[in-house]
Amino acid sequence: MQRIINDPDNVVDDAVKGYRRASPDLYAATEHPRVLKFSGETVDKVGVVTGGGSGHEPAFLGYIGEGLCDAVAIGEVFSSPTADAFLEAFRAANRGQGVACLYGNYAGDNMNVKLARQMAEMEGIDVQTVVARDDVASAPADQRDKRRGVAGEIIMWKVGGAAAARGESLDEVIRLAQKAVDACSSIGVGLSSCTIPANGKPNFSIDPGMMELGIGHHGEPGIEVAPLTDADAMASAMCGPILADRTFENGSEVAVLLSGLGATPVMELNLLYSHVADRLDAEGIKVHRTYIGNYFTSLDMMGASLTVVKLDDELKALLDAPCRSLAMTQ
Amino acid sequence: MQFLNASNGTEILDELIGVILENRTYLSEVDGAIGDGDHGINMAKGFRLCGEAIEGKQLSLHKALSNLATTLMGSIGGSMGPLYGSFFLGMANAVKDKDTIDAKAFGDMLSGGQTALQGISDAQVGDKCLIDTLTPAIAAYQKAIEAGESFPAALQALKTGAQQGRDSTKDLEARIGRASRLGERSKGHLDAGAVSCCLLLTQLADSTESRLETAAA
Amino acid sequence: MQRIINDPDNVVDDAVKGYRRASPDLYAATEHPRVLKFSGETVDKVGVVTGGGSGHEPAFLGYIGEGLCDAVAIGEVFSSPTADAFLEAFRAANRGQGVACLYGNYAGDNMNVKLARQMAEMEGIDVQTVVARDDVASAPADQRDKRRGVAGEIIMWKVGGAAAARGESLDEVIRLAQKAVDACSSIGVGLSSCTIPANGKPNFSIDPGMMELGIGHHGEPGIEVAPLTDADAMASAMCGPILADRTFENGSEVAVLLSGLGATPVMELNLLYSHVADRLDAEGIKVHRTYIGNYFTSLDMMGASLTVVKLDDELKALLDAPCRSLAMTQ
Amino acid sequence: MQFLNASNGTEILDELIGVILENRTYLSEVDGAIGDGDHGINMAKGFRLCGEAIEGKQLSLHKALSNLATTLMGSIGGSMGPLYGSFFLGMANAVKDKDTIDAKAFGDMLSGGQTALQGISDAQVGDKCLIDTLTPAIAAYQKAIEAGESFPAALQALKTGAQQGRDSTKDLEARIGRASRLGERSKGHLDAGAVSCCLLLTQLADSTESRLETAAA
């Protein structure tokens, strides 16, 4: 395994230490070693929390900052944080106006957040949740509640974070974050596996010359394993299920988030984007804003995930609001 | 009438911890076939931490199980932390005020664990997970009690049910967890969580049976 | 080759098209298909140009923007842009106050810039150059002129770009950019090779279990091929030649740029950073600012490059100045 | 006295383009052994574009070589664009006002190319690159002229010098370009740029010789 680590079993703790040392202007410690909070000025507002397994850098830590998340619970690689960690994140983010916990639909995260919420309730902290379910490949449209959360989570944090920053109430932050992620349709394509340091060997396998459409962020099975196509056909294969997931009227406005999965060069993401743009153009869809780069990864996986966000004026204003963090500054 | 003295918490917990630590490598091997090969590591981490936390203390069964539950929830995260955590918490709460635990109370303890676990997971029998061990084992125990069998006989039924449940996972296609990625190919292998659950229930039955006392009815 | 491309021979043109479509707020076309310029407001100032081979994303295009570069000449993957392209970049950046061409020390780039400068002179455009030579592994200290330019180029662009943005003269922009890159010592460590799409196979090889200290951005040979160590020892191996390259008095202030080479997960860069920080602490060196992420890559290579920039107040002010681009916004 | 009519530019250039296009695969193969295997692709790209640009035009040698130079500089980038670009530009400038090119003028043309090339590259004989072909080839030509040999004999010397130069790269350790990465291991293989340079000089000699005219001295 060609990786930059010490003891593979301590990779998360070691990395968290590194993040803190590297960016003291962003990260402050909490009572829990697996929870970091924003070190900037404490403003009186609704707290925004997320959390999830490690290995998706810059998610989740990279989205702590101004106009984004206030605290993050950090799990082992590809494994949910503990309930204790979520609870401490709630405490760290709470300024008496309640906490919006915005996370993705995975069994472990659901269970740990649920437990943490019960504990927070006993402490008098009001925690409301939004669960991202934006991966169109993970379940059909009539079983949305089974869908996994993927890069649409970023849009949820951005919109929820911006709403909290401008002083909205907890109910309103929750409504807007829910609206944001409900507006997202995402799909991934995997071209290689990835290696969890503690395991030391690839997590699954994709044969050379093949690609997996609809792959999940941890290698969950996709819709189809097919021969690797060129970028143009790949863009079509990715846009198909997204365009079929909801109605995009002629003239609809969208944001497009095209994230690498870790090892794919950024020039190839931009190359892929130009075909995605062709496809959206052909449908009369207007692109209001793009995010292209490594926004939500899966360790060293080759591939990309595409998220299309259907916008209205309310979402546009929140998406365009300024923010400052490791992963996103605008 | 036979019963377990509830003051035996530390001893029983030590034996549960022991069985997990002894089977660390085996559990990871089972997980390696269709998962990511860390189930033994995850479980051993939580149980070892719990062992360190209770070292030298003499705890009631309630306290011991509560301690295990909170350590698991607080240290292993993922799915196993909350699943086993709430299972043992449900068990602990069911024996909170008890000094002695008879066959009926032991059954209530098991069901309390099961109910708590179901409160946070929708997993069903047939999904290929620890539920496939737990549900038939507890059902077998309760059936034995209803049929008027003795406490030791019911504990035997618990073990047999757990083993049958564990073995049933071999032919199942995984519908949850990492192994679900493999679809058809997940068949032919035991589920790691079902194996650890069987080890725990079997040890719990053995530890209980070896400490049963008899009172005049 | 598991990559997201169309015809491997057109990967650069296809990617440039993608960059333009994705970020029209940053990129505008010029007369030359391989030159992009900043699409923002045209201010009256010294023009800042860079250029180099593709495959180092987000370098070079990602550093076009406010307070950074005005135009970039784009080469084939790992191959210098043409003299024509550099010339057009000079034209695009020139607003009558001359052009600072800030690039890296590679044979092809040197030759093409030289030709382009001769042509620009005939058109009356005053072009001055700074050539980055920050890679301590590429030649000993007494042969600095032979050293390659690596991630220190980013510091040169940042400082030169900020100087131009605040209205300095061409001479002053050149002096400051030169000072910035002279203050940089860099070294890379490679853990795997990388694949140029047009070649379709790895460019060289690093055996599993080995690492190459001092590797260049195109796989140029390093100082030593050694068994792969843990991150702590790797940080020492990288810091050694950097600390030996110049005097760092107790209390010296530095900026640290730790860039992934493409496929290394960002959590590992942060993990590595904490050991670099230990090493600098031990020398009494104060870290003023960090840049940790994928700032200058080599396609899908595993590994990292470390740049330590010795600062004074003049450089600090320019490094801390605001900027906006794909790769760096502050 | 023998001379080349300078109006033959298009024909000579066509033959230079031809030899590169014919050897596209071969040049990439040579580059593949110790480089990245694209020298044939790079050269063919530039020469093909030049062929398209001059199609149907009747050019003097000056115009033809200028055209080749600017196309190479403008289209292939890297090191080959400026190196071959300035070489051909130097040659073009040396025959700018000439209607006829005798052996002496031909030598001046070669030297003009060499000087221009040296103006932008510090590469030396022994570095394992195209200079290893060019320098001995031109030296051999000049020596033949100085020795009073005929134009065809001097052209023959050019070819022999180029081939010997090319072959000399086989045992060299590369000090520049990608092959320098291999150190010792770069030995035993020809250098790709030295091969293309030999092809070009040989073709230039042949194309010139076949068009030599004789004037009363």
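For reference, chains read A, B, C and D in written order, and residue numbers begin at 1 within each chain.
Convention: a contact is a pair of C-beta atoms (placed from the backbone, for glycine too) under 8 Å apart; a residue touches a chain by one contact, two chains touch by 3 or more.
In UniProt terms the chains read A, C = Dihydroxyacetone kinase DhaK subunit; B, D = Dihydroxyacetone kinase DhaL subunit.
Note that the structure is predicted; figures quoted are calculated from it, not measured.
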item: Steps needed, at fewest, to go from chain B to chain C via touching chains; value: 2
item: Centre-to-centre distance between chain C and chain A (centres being mean Cα positions), rounded to whole Å; value: 29
item: Chain centre separation (chain C, chain D; CA means) in Å; value: 34
item: Whole-Å gap between the CA centroids of chain A and chain D; value: 56
item: Residue numbers of chain C (touch at least two other chains); value: none
item: Set of chain B residues in contact with two or more other chains; value: none
item: Pairwise touch network: line, ring, star, complete, or other; value: line
item: Pairwise chain contacts, counting only pairs that touch as defined; value: A-B, A-C, C-D
item: Of all residues in chain C, those that touch chain A in their complex; value: 2-7, 11-12, 14-15, 17-19, 21-23, 54-55, 57-58, 62, 191-192, 206, 208, 211, 228, 230-232, 234, 258, 262-274, 277, 290, 292-294, 297, 299-300, 302-304, 326, 329-330
item: Of chain B, residues touching chain A in the complex; value: 36-38, 41, 73-79, 81-83, 85-86, 120-121, 176-178, 180-183
item: Sites on chain A touched by chain B in the complex; value: 9, 75-76, 78-85, 107-108, 110-112, 114-115, 196, 198-199, 203-204, 218-221
